[in-house]
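Next up: some structures, all given as structure tokens.
Look for chain A in each of the two complexes below; its partner is chain B in the first and chain C in the second.
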Partner chain A sequence: MNSKIKAAAVFKDNAQNFFFVLPAFVIFCVFYIYPFLNMIFLSSHEWPGIGPMHFIGLQNYKELMGDNLWWDSMAHAGYITLIALVFQNALAFALALACDRQIRMKRFYCIVFFIPPVLSEVVVGLIWNWILNPELQNGVHIGLLNHLLYTSGWPQLVHNWLGDPKTALTTIAIVHSWKGFGWGFVMLLAGLQTIDKQLYEAARVDGAGPWRTFIHITLPLMLPVILVVMILTILGSMQVFVLILSMVNEGLVHHTDVPVIRILSSMTGTNRFGYACAEAVIFGVVLMGVSFIMKILSDRARQT
Partner chain B sequence: MRKYQRPNTLVIVSLLLVLAGCSKPPAPSNKILLWHWMTDCNDTFLKFAQQYKQETGVEVIVRLFAPSDSYSQMIIAAAQANVLPDIYGILNTKPIVADFIKAGLVDDLTRDMNANGGGWAEGLSDKALADKRFETGNIYGVKAGIYGVPIDVTNEEMLYNKKLLARAGITSPPSTYEEFIKDAQALNRVGITPFVSGWGELWLLDCFASNYAFNIMGEEKIFATFRGQVKYTDPDWIKVLSIFVDLRDKGVLMDGIVTKGNKYAEQDFALERAAFAFNGSWCVNVYHDMNPHLDYGVMLPPPLSTAFPLKIWGGAGSSFVVRADSPNKDKAVAFLRWLTAPAQQVLLARETNNLPSNKEALKQVLSVVSPVLGKFSRGMEESTHPTIWPVNEDPLVTEAFDKGIQAIIIGEKTPREVAQDVQTLKDRR
Partner chain C sequence: MKTNRYVIWGMTQSTLIHIFLVSIALTCLFPLFWMVRCAFMTNETVFIDKALIPHSLNFGNFAVAWTKGNLAVYLFNSVIYTVCVVSGIVLVSSLAAFSFSRLKFPGKNIIFYMFVAAMMIPLPGSFVALFVLMNKLHLVNTRLGYILCMINVGLSMSILLLKTFFDKMPRDLEDAARIDGCGKIGIWWHVALPLARPAIAVIVIFNSLNVWNEYILATLLLGDTQLMPLQRGLMVFQGANSTDYPVLMAGLTMAALPIIGIYLAMQKYIVKGLSSEVAGG
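Let's look at the complex of A and B:
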């Protein structure tokens, strides 16, 4: 009898807990799990988005493996990610280090650095479209960058930044980094502020200079935060697309295509929903793989 | 593990209830729901809804979902979830419209159009209505009929800035391609950018190329290419692609044209940064908002050849369909008939500067609204549109063709290379 009452109490307790998480679980199932499973199902079909579906097995995946445009787009996303990892995070770290010191107008700088991330990607695209505008009107450069280059005595550097395949992707990557560095800045600054200042004082007493202090104290203690920032940078940069659409529309030939743009193009441009789903599945697998590797690295860093 | 059985069952039942609730069909009512994407028409539609309620007692609920890309995807999602409104638009290619019809999502309006001696159909623009018609034996396997109601008509032509042309000593707009190139060079000499268009949007680039394809080889050869009977490596197609080499090398095109969205191109023309533009008739409204003092004219793209007539894209601009299983189908059809009547069409044209789809309204509007719009309306005689062609190209091939033109403009590929790439893709499909 006692064990029955105990079992009933345990059941009641578990059921209560379960019902607390039920709304979140249902939402997760309806909006994440079901679409995800449905996407895998659709990826094995030929379907224009409406009407009957035709089962074609792994045909979409087979076609995708030989689709150079798709793999090029993946490489473009990798390139943007690489620039973001290096340029964006280095800038974020440098500014976070600067703002971690006792400097004048520290709060003002923190607010200014956090403005780009809170702007919508469309707005950022519009602003940079104006800055990078390659046109002339009445002999005067309309774009701010070309105007500054011209009036500063570097007319040879005036360029159609988004219209040249050699510079378009790099320009987009730099704008993406400019937009995104604020997140890294905030996280890295928060991480820096958790480091015990006594460690720095002890190092100074022991005769360590700023560089050695940075290498032997700041960097090791910041490693977990740096890895989190890196994971978020990779995931955010690999999925960039609104910024690209607002800067170059449907793209400069295929030089600015990234995976999400290819997926969108398969869906809205050529109405191949099944193929788009296959692209999304492969892209998801790649992102999960990258996240998994970064998680392992992050865990190892924490252990050491 | 058994102790979790009941909550699991509850989860499944809750999910089924949620899903069942989503797909419940609406009940008949005195309200009709209209979803549209036309930001410039929204205020007028809301006024019409009020007026219609006063006249008939039927409430029209107008919902705006913009921009059109998002609207288009939302309609497909709504069709999949079976939650389409009574009246909506399908902003997609003819094969997709055919899929909607075959899926039973669009009502056949033929009987309504032909009722009372065909008064409704006869009152509407023939070109616009042709867009909505599926002929007997069409390649899509759709039952012959009229499946939509055009609200306005539109076409894509060239615009020229009178002031900038005069500054370059040009007294009249060019009537041939050679004259156009000469004018462009004259404009270049006085530091004016000759031509702008939103060719970052592939459809507009495709439209321009298609105009010259009609001019150079005629429609039969174009359709034969789509059917696979003529290759893209044919000299006529090379000639079409070579136009873009010419435009590039002679400095006709504005810098950055291949990544320029149409909104930016419209801004450039409205702010007098380019002398010529290629755009649709909706631009009258856009230019008026951007620069009310802009002095410009409309012309057909100057033909390159005399072999065949140059055809421009045109036909139904915006149109609505009625949901086939709507419980308020008759009310929806009645509202659309009222919306396309001359009185409403004139008002709509006045408020939005679009060409009305009603013939009678068109006559009234042209005499009072804008001479530019009048010119656009005359262009309808030269118009055609992929939706009325007997055959369409595979969208993947079209994308490769348009992207190939972009590659030509930026000097990355030659017309022959692009033609070969497109043909290789076509052969593979």
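Let's look at the complex of A and C:
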């Protein structure tokens, strides 16, 4: 009798405690788990979004393997990511190093560098689209960049930056880096500030110059933070697409496609929901693979 | 002599550093300045006049963007979505995190690690399946559907952040509240939530930015212009005003200024949030 009452009390207690998690659990199952499983299910079907589905096994994946547009889009995203990794992170690190000292206006710099990241990709894309405008009117370059190039004595550099397939991706990658370097800057600066200043002092006493101090103290201690910033840069840059939509306006057929744009156009353009899901699954696996490798690297960096 | 050289070297160094920092700061600010500047011009002068401060100012563009451009509606929608989603996230995630941190029930760890795993696994194309689901639930073109989807987006990160915070919270206060007759809900509301204010501030600012700037789900789920949030609306607006640059820039200015204002007000929490990611991530 007594144990029954006790068991009932424990059950009631557990139920109450679970009740706290229930809203989160329900939302998570409905809007995360179910779409996730459904995505895998749909990827093995041919389905135009409404009406009957046709099970076709791995046919979508087979088709995807030979889909040049898809792999080109993957290469484009990879190219943007590479530029972001090198250019954006180098800039962020240089700025963080410059700010990691007693310096006037430090707060001002910290605030300003994070303004582009808080803006939306639509706003950033449309502003730069306007600055990079390639048109001429009455002999005056409408876009600010071309106007500046022309009036400051480099008329040969005037260019249709976003209209030319050769420069479009690089231009997008640079604007993407402009928007994104503030994240890396804030995180790297936070990392630099955790380094004990006495280490620098000791190195200086031992006669190490700034370069050797950087190589032997700053870099090894910063490695975990650098890897975190790199993972976030890769994940963010591979998935960039709103910026591209707002900058080129579908003006360049396929030259500036990235995977998310491909998925979107399979879904809304050609109404092939199954194929879009297969693309999404492959893209997810690629991203997971990359972040898994980076995670292993960062764990190893933490141990040593 | 030697100290003199040292001082000069130090001064040149700091000057060079300042030149570097100022030039990058200018690159950050100048496009925004250019946007605001062009918003005050007319369609005739904007193509020709390249002076930093235009020769004549025109204030009409803002009114045109606000009414004809439907920006008032978009802005209103964005505010609604941001407020609803962020308060939803804070409520749901703090309840869950409190339970994960302080209470016991079977299967607790499994469910918690599910949330952690969800944060680790990138789902770039989940919007396809999400759209299918919303279609089935008849939640396409409804505010509720969009709000629920966006709550889910911010949930895992918020739960994780709050749980780490609750784990570090001293138990004495809780015990005192219990002795005073507080139940579990009472402890959550009167003790845990007020103490977690710094963590909640981080959650609020990051999720606000995320919702305010979200684009893809808004595009897929909200086709009705009366329901569109700002980012989606701006693209529609741009399509309709693609040649009227001053009005477009006025629209962009009105879209960018609120978020810059909120950012300036809550700037320290952003640094705090990202620093904790460095320390913990």
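Please note the rule applied: the second predicted complex is superposed on the first by the 279 of 304 C-alpha atoms of A that agree within 3 Å, B and C clash if a C-alpha of one lies under 4 Å from a C-alpha of the other, contacts with A are read in each partner's own complex, and residues count from 1 in each chain.
FYI, a contact is a pair of C-beta atoms (placed from the backbone, for glycine too) under 8 Å apart; a residue touches a chain by one contact, two chains touch by 3 or more.
Here the structure is a predicted model, which means the values were calculated and not measured.
When the two complexes are overlaid on their common chain A, residue A:239 makes contact with chain C while staying clear of chain B. By the touch criterion defined above, A:55 lies against neither chain B nor chain C after alignment on the C-alpha atoms of chain A.
When both complexes are overlaid on chain A, the residue A:271 reaches chain B alone and has no touch with chain C. In the superposition on chain A, the chain among chain B and chain C reaching more residues of chain A is C. Legend: residue contacts after superposition of the two complexes on their common chain; A:253 is shown touching chain B, with no touch to chain C. Residue contacts after overlaying the shared chain place A:163 against chain B, while chain C stays out of touching range.
In the superposition on chain A, A:154 contacts neither chain B nor chain C.
After overlaying the two complexes on the shared chain, residue contacts for A:121 are found with chain C alone; chain B is out of touch. Annotation: chain A residues 14-15, 18, 25, 30, 49, 137-138, 142, 267-268 touch chain B in one complex and chain C in the other. The part of chain A that touches chain C in the complex is made up of residues 13-18, 20-21, 23-25, 27-28, 30-36, 38-39, 42, 49, 91, 94-95, 98-99, 103-105, 108-116, 118-123, 126-128, 130-131, 137-138, 140, 142, 144, 147, 178, 182-183, 186-187, 190-191, 194, 225, 228, 235, 238-239, 241-242, 245-246, 259-260, 263-264, 267-268, 273, 276-277, 279-281, 283-284, 287-288, 291. If you check the complex, the residues on chain C that touch chain A are 14, 17-18, 20-21, 24-25, 27-29, 31-32, 34-35, 38, 47-48, 50, 91-93, 95-96, 98-100, 103-106, 108, 111, 114-115, 118, 120-126, 128-133, 148-149, 151-152, 155-156, 159, 184, 188, 209, 212-213, 215-216, 220, 230-231, 234-235, 238, 245, 248-249, 252, 255-256, 259-260, 263-264, 267, 270-271, 274-275, 277-279, 281.
In the complex of the two chains, the chain B residues touching chain A come out as 3-4, 6-7, 10-11, 14-15, 18, 69, 72-73, 76, 79-80, 92-93, 95-96, 99-100, 102-103, 105, 191, 193, 198, 200-202, 254-261, 264, 268, 271, 273, 395-396, 399, 403, 406-407, 410, 412. The residues of chain A lying in touch with chain B in their complex are 7, 10-11, 14-15, 18-19, 22, 25-26, 29-30, 48-51, 129, 133-139, 142, 160, 162-165, 168, 247-254, 256, 265, 267-272.
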